[in-house]
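Several structures are given next for inspection.
Each of the next two complexes has chain A plus one more chain, namely chain B in the first and chain C in the second.
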Partner chain A sequence: MNQLVKGTVRNRHPFIFIAPALLILILFSLIPIIIAFVISFTDMDLKGLADWSNISFIGVENYTNLLADTVFHKAVFNTFFYVVIGVPLVIFFSLGIALLLNYGKNLVFTVFRAVYFMPAITNIIAIAVVWGFLYNTEYGLFNYLLSLADVDKVPWLEHPVIAKLSLILLAVWKGIGINMIIFLAALQGIPNSYYEAAKIDGAKRWQILLFITIPLLRYAIFFVTVTTLIGWLQFFEEPFIMTQGGPLDGTVSMALFIYQRGFQFSEFGYAAAGSFVLFIVIIIVTLLQFKLRKADDDI
Partner chain B sequence: MKKKGLVVPAVLAMGLSTALAGCGGGSGDSENTLSVWAMGEEGKLLDEMTEAYEEENPDVTVDVQAIPWDQAYDKLLTAVASGNGPDVLQLGTTWVAEFADAGALLDLTEHMEDYPDFNLDNYFEGAQTSMKYDDQIVGIPWYVETRTMYYRTDLLEEVGYSEAPATWDELKDAATKLSESGEDVYGLDIDLNDQITPFIFAWQNGFEFDTENPDFTSPEFTEALEYYTSYFEEGISTTSEGIDIIQAFKDGQKPIFFSGPWMINILNDQAPDLEGQWAVATMPAKENNLSSIGGANFSVFHNSEKVDEALDFISYMNEVDTQIEWMEKSNTLPSRLEAWEDPKLADDEMYSVFGEQLENTKGAPPIKEWEKVAQELLSSIERINIGGADLDEELESFNEKANSMIE
Partner chain C sequence: MASGKSKGNTERWIATILLIIGGFIISLPFIWMITSSFKPESEILQMPPTLFAENPTIQNYINLFTNMNFGVYLRNTLIIVLLSFIGLFLNAMAGYGFAKYHFKNKEKVFYLVLATMMIPGQVTMIPVYLLLNEMGLINTMAGIVLPGLAAAFSIFLFRMFMATIPTDLIEAARLDGAGEFYIFFRLIMPISKPIFAVQGILTFIAAWNSFLWPLIIANDESLYTLSVGLSLLKGQYASNFALQMAGAAFMVLPIIIIFSFFQKYIVEGFTTSGLK
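Take a look at the complex of A and B:
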């Protein structure tokens, strides 16, 4: 024991360096998570917030209520709908665009790099206003273009399934930029000698792409998949600003459900239970990915 | 998409604010500073009003904090959690019950006699609802708003109405005729996101909101909702967001709608060419022509150390003359009955309609679950209008849910 303390003191420098990060992590992440976990077993509401003696432990009631809550069922279904369709689209398009942009270095490519990155740095409120106009059933641009081709008005945000797809379209458009930059950086990190060797061996373009570029992008693809998946499981901003969860709860996501319960109806205990379910889903999905990835490494 | 662990920031805010509660009260730095929280536009304008008060009371400085509406609720939550709030706060009438229930508002009952301006009879009957919670007096109405009917006089004339429709039947008839007058014309616009509109119809049909155990399957309520949803079923109102109401009103696509007093200025600003072609009228009647009353109250935070100063300030703001001055500055309607005798309001053709309507109003029921109940009803209505659900079944299940929400 004494030995251990002495050893720690002697090698204190690394600990001092990670201490600030660790402290912040504990203070702003771990402790709140633990408190939220405790709250999820209480009936905490506004009254409880004002005076803690009004809070009482109600066991797993919040969780059993969640399981019976039809809106929560819809939120779970919608979230998986978003993830299953949205995540592959984001990865496919950001990788595709990165590959195309990597073909050249002249002005056109630079300009388009900026164009594709623009949505990622645009304020979400501005996006909501513009897309709200685009999606408007009566005078929106999309419906106007469709009317030129004699297509009937599409209720972009007013039909449960179409509204979900509209939000996915918006989120994909917004999500491409940042992932594209990650892919571009990874692409530029591939040594040119591989390509030269391939060319000397007479490899065709698609062979180079399939057997050199993609395998060497493995780490980037894995990183983008994990972060995108976590991001999409917490799908929030788009339904929050565009539809507030409607129509018929068709666009409510788990994160939005939690927000509404917690900050609109002040049911903090219930919202905490919801956020814990989401937390566990995210952990399971992420662990699953690491597991699959390990299997991939073994080959 | 990026909203990491929503509960986390909330919990953090709670924890931090409790930790910081020890350091300094919320009542500003100096002993004679009265801190006031006001929301939205009013918050920005209130600062100009306090100068006159400070001149009269040189030993008091009023520190107004303007809080945007969309942050107001969070800000109030934090104040409640930390017990670290202002001395005086402006509170939207629908929030009163919730915060009063949490014990955030000081009971003013014992001070009522000292301040004649606070007398309940000074205010509209509907507004008195928001002053009380249980047996306490928790707020003094500052300004009020009510819903009336805006309509295009010229278009209604064309379908044979030289006066505004005065009954439910006339409204339905006029709206139907207007809808038939052209493609994409919706005779009556009903805002589906507005929480109070279904209740306005229900009140007009004689429904009483029993705050203990309301009956939403009663014939009065059911009939009102049948009337409300029939507009959507028959295509007289649209469920789709469509064109902005101002533009649609201008184009004649939505020639009738219900809204509050703020719309007068918006219409004057954004549709100046329309002048003389539109008017406001009191609500069409069934059993009665009740409308809702809303607005904002002044309350004193429960642990304020400057109760007397706070009450004095509120009393000053609620004097008839100050209210008139405030009305001119902010275009909000005064809560004091006496203020309405002023020719600026009584002789104005628009405002006098609001004055008349205000006599016949009810406030949102003073229950802390109001927001939840109202939102649940909107979901039910959405299922009927868009999802094609059966009205009676929906009301049955809404009734069950609402009653389980209300403790």
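Take a look at the complex of A and C:
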């Protein structure tokens, strides 16, 4: 024991360097997982927060309630809707723009790289405020532009399905930047000799794109797919600011459902159960993708 | 050969034109935000809308500070930015510890750090709130800043960079009698300037934009950040779009200015960090 203490004191420097960050991570990332798991089996609420003796274990009741909760059903459906439509769009547009940007290196291309990247670093609340104005049925720019083409007013945020699509449009606009940069970096890593060899063999443009560029971007596409999917499963700020989940819970996502249950209704136990369901969905989707990729690699 | 070259040129022109059209569409919300923020309240609801204000005014920006407490929100946001730089420093220290020291179970501890990256925010949100409540940190600046101080990805990037610093350099300094902290501050930190630059900009952007956690922890308007204040403004002045646009522009413009200065570093930072 004494030896151990002495050894630690002698080798104390790595611990002093690592300890502060590590303690914060343990306290605010790892321990909360355990707490979330435990309270998801309790009826923790505001009363429980004030006095722990008010908390009681209720087994899997929170989880069975979730299964019967129609709002949660909608949240799961909407999240699925966001992911299925949004993720392919983000990948398509970010890859497309990266391919266009890869045509040149002069000032025009550098400037436009910055322009396309800008939405990615702007504040999501500011974005939601601006888009809320653009989407306004009476005074918004979008409906005005449509009216020039004699299109009737579109209820951008007032119809459950259209509202979902409007939020997706905004999130795609914001999501292009980062992924475009990743694709661009991957594109610039492809050796020129591959293209030259293909040209000598008489390959056409689209053949080069389909049989050389895209396959060589496999890792980037995989990385972007995984991170985008995880991000979109946690879709939150857009519906939170722009629609508060409405109309008729038409835009509630799982993450927003958890927030509303936890911090607006103070049903901490119930919200924790919801968050664990989301966590498990994220883990399953991620594992599934790694499995698919492994199968892909084996071929 | 000549025809091949001209074909490549045509393609480049098409690419450029497509990029310009797309870039205009992408930046339309920004343009609309800025021009609308200078319109008086009467003009903003005018149909058909004008692109540029006919009677430009900065009254909206003044109202942010007189009708709303944007001065307070700005101060709080800047405090959060400053405090998050302490976090950046802690991450750098941890990255150095993992890069240049050997101790038992180092890799296992490091995997533990990396594992925290996979935990979604929604899962830790409620437990962290309960923890901070037990610590009496609800509605305090410490409660807003503390949970986000350490970031696994930042530690990971610092480790990657610092691992490339030659160990001989550190050994030589030790032989000269330099202490471990002296080495870190006077040798390692100056060498690591590039990674500090990238991480510093990313930290600034993240802190400037921080929204969810201040919203949850701050009950008191005196602790609100700009993002929280802006969402409050959207609720309170739902039909005053000019004021909303001014609030949004006030949040976005500093980031755009910083971005245009450090574009290269930011883009590189995002490329190496992948996401966020």
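Everything that follows uses one rule, which is that the second predicted complex is superposed on the first by the 271 of 299 C-alpha atoms of A that agree within 3 Å, B and C clash if a C-alpha of one lies under 4 Å from a C-alpha of the other, contacts with A are read in each partner's own complex, and residues count from 1 in each chain.
Quick note on the criterion: a contact is a pair of C-beta atoms (placed from the backbone, for glycine too) under 8 Å apart; a residue touches a chain by one contact, two chains touch by 3 or more.
The structure presented is a predicted model; accordingly, all values stated were derived computationally and were not measured.
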**OP:** Superpose on chain A as described above, then tell me if chain B and chain C fit or clash.
**Re:** clash
Subject >> Which of chain B and chain C A:A68 touches, first, second, both or neither >> reply: neither
Subject >> Dominant toucher of chain A (residue count), chain B or chain C >> reply: C
**OP:** Figure out whether A:N11 sits in contact with chain B (first) or chain C (second), or with both, or with neither.
**Re:** second
Original post:
Can A:A271 be said to touch chain B (first), chain C (second), both, or neither?
Top reply: both
Original post:
If you stack the two complexes on chain A, which partner ends up touching A:I33: first (chain B), second (chain C), both, or neither?
Top reply: both
**OP:** Considering only touches as defined above, state whether A:W232 meets chain B (first), chain C (second), both or neither.
**Re:** first
Original post:
Can A:F263 be said to touch chain B (first), chain C (second), both, or neither?
Top reply: both
Original post:
Should A:A149 be classified as contacting the first partner (chain B), the second (chain C), both, or neither?
Top reply: neither
Original post:
When the two structures are overlaid on chain A, which partner does A:I200 contact: first (chain B), second (chain C), both, or neither?
Top reply: neither
Original post:
Touching A:F109 in the superposition: chain B (first), chain C (second), both, neither?
Top reply: second
Original post:
So which chain C segment collides with chain B once the two are superposed: 26-34, 116-124, 152-160 or 242-250?
Top reply: 116-124
Subject >> Overlapping contact positions on chain A, where the chain C interface meets the chain B interface >> reply: 28-29, 31-33, 35-36, 39, 49, 136, 138-139, 231, 234, 236-237, 255, 258-259, 262-263, 268, 271-272, 275, 279
**OP:** Show which residues of chain A lie in contact with chain C when the two form their complex.
**Re:** 11, 13-18, 20-22, 24-25, 27-33, 35-36, 39, 44, 49, 97, 100-101, 103-104, 108-110, 112-134, 136, 138-139, 141, 144, 173, 176, 178, 181-182, 185, 205, 223, 227, 230-231, 233-234, 236-237, 241, 254-255, 258-259, 262-263, 268, 271-272, 275-276, 278-279, 282-283, 286
Subject >> Residue ranges of chain A in contact with chain B within the complex >> reply: 28-29, 31-33, 35-36, 39, 46-47, 49-51, 136-139, 155, 157-158, 171, 174-175, 231-232, 234-238, 246-249, 255, 258-259, 262-266, 268, 271-272, 275, 279
Original post:
chain A touches which residues of chain B in the complex?
Top reply: 1-12, 14-15, 73-74, 77, 80-81, 83, 98-99, 101-104, 184, 239-243, 368, 371-372, 375, 379, 382-383, 386-387
Subject >> chain C - residues contacting chain A, complex >> reply: 11-12, 15-16, 18-20, 22-23, 26-30, 32-33, 36, 44-45, 47-49, 90-91, 93-94, 96-98, 101-103, 106, 109, 112-113, 115-116, 118-131, 133, 146-147, 149-150, 152, 155, 180, 184, 205, 208-209, 211-212, 216, 226-227, 230-231, 233-234, 241, 244-245, 247-249, 251-252, 255-256, 259-260, 263, 266-267, 270-271, 274-276
